[in-house]
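A quick write-up on the structure given underneath.
Every chain is named by a letter (A, B and C) in the order it is written, and numbering of its residues begins at 1.
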Amino acid sequence: MEENVIVIEGLSKNYKRWFSAKGTKALDNLTISVPRGSVFGFLGPNGAGKTTTIKILMDLIKPTEGSAIVLGKPAYDVDVKKRIGFLPDSPAFSKQLTAREFLSICAKLLRIPSEQRNETIEEALHTVKMTDHAKEKLGSFSRGMLQRIGVAQAILNKPELLILDEPLLGLDPYGRQEFKQIIIEQQKKGTSVFFSSHILSDVEEICDRIAILKKGHLLCTGELDKLLAASGINVVIAAGEDKVFKELMADAEGSVKNPDGGWTLSFPHNNPELLKKIEDMKKESPDALTISASREKLEDFFFRTVENANV
Amino acid sequence: MKRTPIYIIILVVACVAATILSMKLNTMQHTFCPEKKDLSGSPIAGFHKFASDVQWMRLVNYLGSLNTVDESNVKQVAGKLEELMKLDPNLEKIYKDGALIMSIADPAKTVEFLTTACNNQYLKNNWQIPFYAGYVMMHNAKPANYEKAAEFFEMSMKRSGSDSGASYVVSSFFRAKAKDMVQKDKSLKGDEKLALLKVLYSEWENNQKVGAEGSYRNEGANTQNLNDRLIKALKDVKVASEDYKPTAEGKKYADMVISKVFDKAHICSNCTAPYGAGEKFCSSCGTSLPVWGLCKNQVCKKPLKNGNAPFCIYCGAKQK
Amino acid sequence: MNEIITIASGTWKNVLRMKVVYFLILCALVLVASAINYDVLSMGLQKELMIDVSLVLNSIAAMLVVISLTFEIPKELREGVASTLLSKPLGRFQYLLGKMCGCVITGAIVCALIAIGSFFVFNMSFGERIGITMFQTHLLVILALIPMSALGVLFAVLLPEVIAPIITVVVVWFAFSTKVLAGVPVLYGGILPDLDLFNFRANAVYQVQIPWMYVLLVTLWGICYAAFALSIASIVFERKDIK
């Protein structure tokens, strides 16, 4: 069994326009890999190339250069899609069909044996809490309900890999909570999840790996904990240690006064001299300082990464 | 992308197959739908029939607005009929109702339309259209073309079969032939009755050659029918009427016809009335007649009721 | 094959569930029945008119179904329905063929309903049996849906949503009209469609029977032409980015 469910190498996509030789570069030499069993968050501002990447993975868009391997097969391999669940960014389905009929079509396309089809559909509807609406036409559904049906069709085949494009969009807080639960359950069942989202708090909550894109360029990728942890340190200064506070305050990136009268100062990780200075002070007065690695919020990390990127 | 060569192969094979089939189908079409090739080339998406229906109703409406079809409007009417013919050459009403309406104002055009209809494969069994064409040619055309009219009547006769209309078609045919003969043979001096007799006799002679059964004529022109017509023609030639005075030449010709056609029919050479066995004078005109049907027994010599009976009913003598 | 049937079934269910379809069929039948009132104006041609009107309306219905397809494919591509379907183990050619088959079946059902309704109206109006030629010509209208749907698919893939239906109508219209090109091999009936091969409306009126061999061969032509048009559509669609 492959170690990575998705391997993207040197992927580029240039949208050519009529009467224009140059075109628009949506992806530029993207290389990432998604390990089996992980929940991978694919982040980036609008126009970063997230949807383009996902559609290339689903063979909906043809890359200009590079390769995309999904579950060990090229993305254009039709049969590999049997093992993938996909939710597009704005799910739209035939309005005249009922939810059950639509899922039945999806089940047939996924080549689910007819004797298992009904059971599978019921299970998927139950998972997304849409059993009561199974006989209603999709045309009468709200955006959130359509999103749920979209999720249902994506998990219908008990996929090895779930690729979700903005799955939390249009869901109310309850829906988001339920959806996150679904992803967690899928991961527990061994499904790898690759999804793009703008809702960073949710990504932080459920993802173990992320990649950030800007204007088609990969800015960073890796394990979420490592990326956020490596961003700096926190120094808690005990109450009354004003001398230490004054000495470090000038170099601190942020400061928060603690309820006990002490201070928490945060420092960047990329200043060795400053780090040595803090280490030395700790040695001098061990009780005055408590040093801990700061886990940056994903939102902060995201904005910092995107804004500092020179692309 | 990898499938592109397969698609190209399918594309080429399908195109070639479609071309071959299309050519074959076009040829087939001409056999059971020959009028297709003559239809209007207007881009009306094959709705020719529907367009013709609409056009026909518009024509009916237009004709209703006219007091008469004369020189002032005949061109418009002809134009509309031509349009209709291009849309639906099989529509019988164009010829039977449409063309005839302008037969007085423009008989030449009428005959032209009717000739087109006569050549139409779908209308090939219609005997009325050639009859109308012949009729217009004979009665409305100026000058009348009796030869052509006779051709149309002959076409009509061939098509009519046992149709009840056949009798007057046959009459028209012989009349047209006679008129044509009068027109061409100046020696007849306009004697149409004699000309008709000559035509009928000529027809009888033809029948004798090919045999009545084998004749191309239809039922309306069979031997019995022809004999009846000959008897009437003989009477017309021999008997004077208000507008006709028999001629010596006519009478001579009639005698010749009687001797050839009716030598065993026992009819009066003067008035063509039939007479029975043993009769010495014509009951119609009093002319002396050659007696026939007497018993061969010189003692008996009685007229036999059945002139052709093998034995005498009075003496029993054998007759043949 | 299952995939094609599945896509086709989705297509015809989608169309046949629209109430407007049945309203249009009813309107068509009312128009067919109204032909009986034209006895005076047509000088007794009302029977022929009824047969012809039923065929004309059936052809228009077939055309409308094909137009609906040229709207549907770009709409599915734009709205993302196609993305959802193509994210399943379904080839793009299969998707197009499924759409074409769906259109043919939809059209066949609509046209069959109009034809049966027309036969019933005809029988009620004139008390006459339905001639074999009437049946054949209606069948040919249905069979013409095969190449027409393929053309619809081709233009739906090649052209933007707004232009595709217009171009399809224009091409189909001229494919029925330009009989003058029938003698040009390869070009007409090969590259360009010769839909007039299916047009025998006058035969129905005049009861001139069409040989069954012709019906068989013209069906074969329709399939060949559909294969030709679908191959072009597939070559383009395989390269197309689905938004």
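The rule we apply is simple: a contact is a pair of C-beta atoms (placed from the backbone, for glycine too) under 8 Å apart; a residue touches a chain by one contact, two chains touch by 3 or more.
Because the structure is a prediction, the values reported are computed rather than measured.
With every chain reduced to the mean of its CA atoms, the largest distance from subunit A is reached by B.
A simple rule picks the central chain: find each chain's mean C-alpha point, then take the one closest to the mean of all protein C-alpha atoms, which gives C. Counting C-beta pairs in contact, the chain pair with the largest number is B-C. In this assembly, the C-alpha centroid of subunit A lies 47 Å from the C-alpha centroid of subunit C. Centre to centre, using the average C-alpha position, subunit A and subunit B are separated by 95 Å.
Shared interface positions of subunit A, defined as residues touching 2 or more other chains, are 62. Each of residues 1 in subunit B touches at least two other chains.
Annotation for subunit C: residues touching 2 or more other chains are 91, 239.
Within the complex, the subunit A residues that touch subunit C are 15, 55, 58-62, 78-82, 84, 86, 88-97, 101, 105-106, 108-111, 150, 153. The part of subunit C that touches subunit B in the complex is made up of residues 38, 41-43, 45, 48-49, 52-53, 55-56, 59, 91, 93, 172-174, 176-180, 182-183, 185-186, 188-191, 194-197, 199-203, 205-206, 208-211, 213-214, 217-218, 220-221, 224-225, 227-228, 231-232, 234-235, 238-239. Residues 1, 3-4, 7-8, 10-11, 13-19, 21-26, 28-29, 32-33, 35-37, 39, 41-50, 53, 56-57, 60-61, 88, 90, 93, 97, 122 of subunit B are the ones that touch subunit C when the two sit in their complex.
Those residues of subunit C whose C-beta lies close enough to touch subunit A in the complex are 2-3, 6-7, 9-10, 13-15, 17-18, 79-81, 83-91, 239, 241-242.
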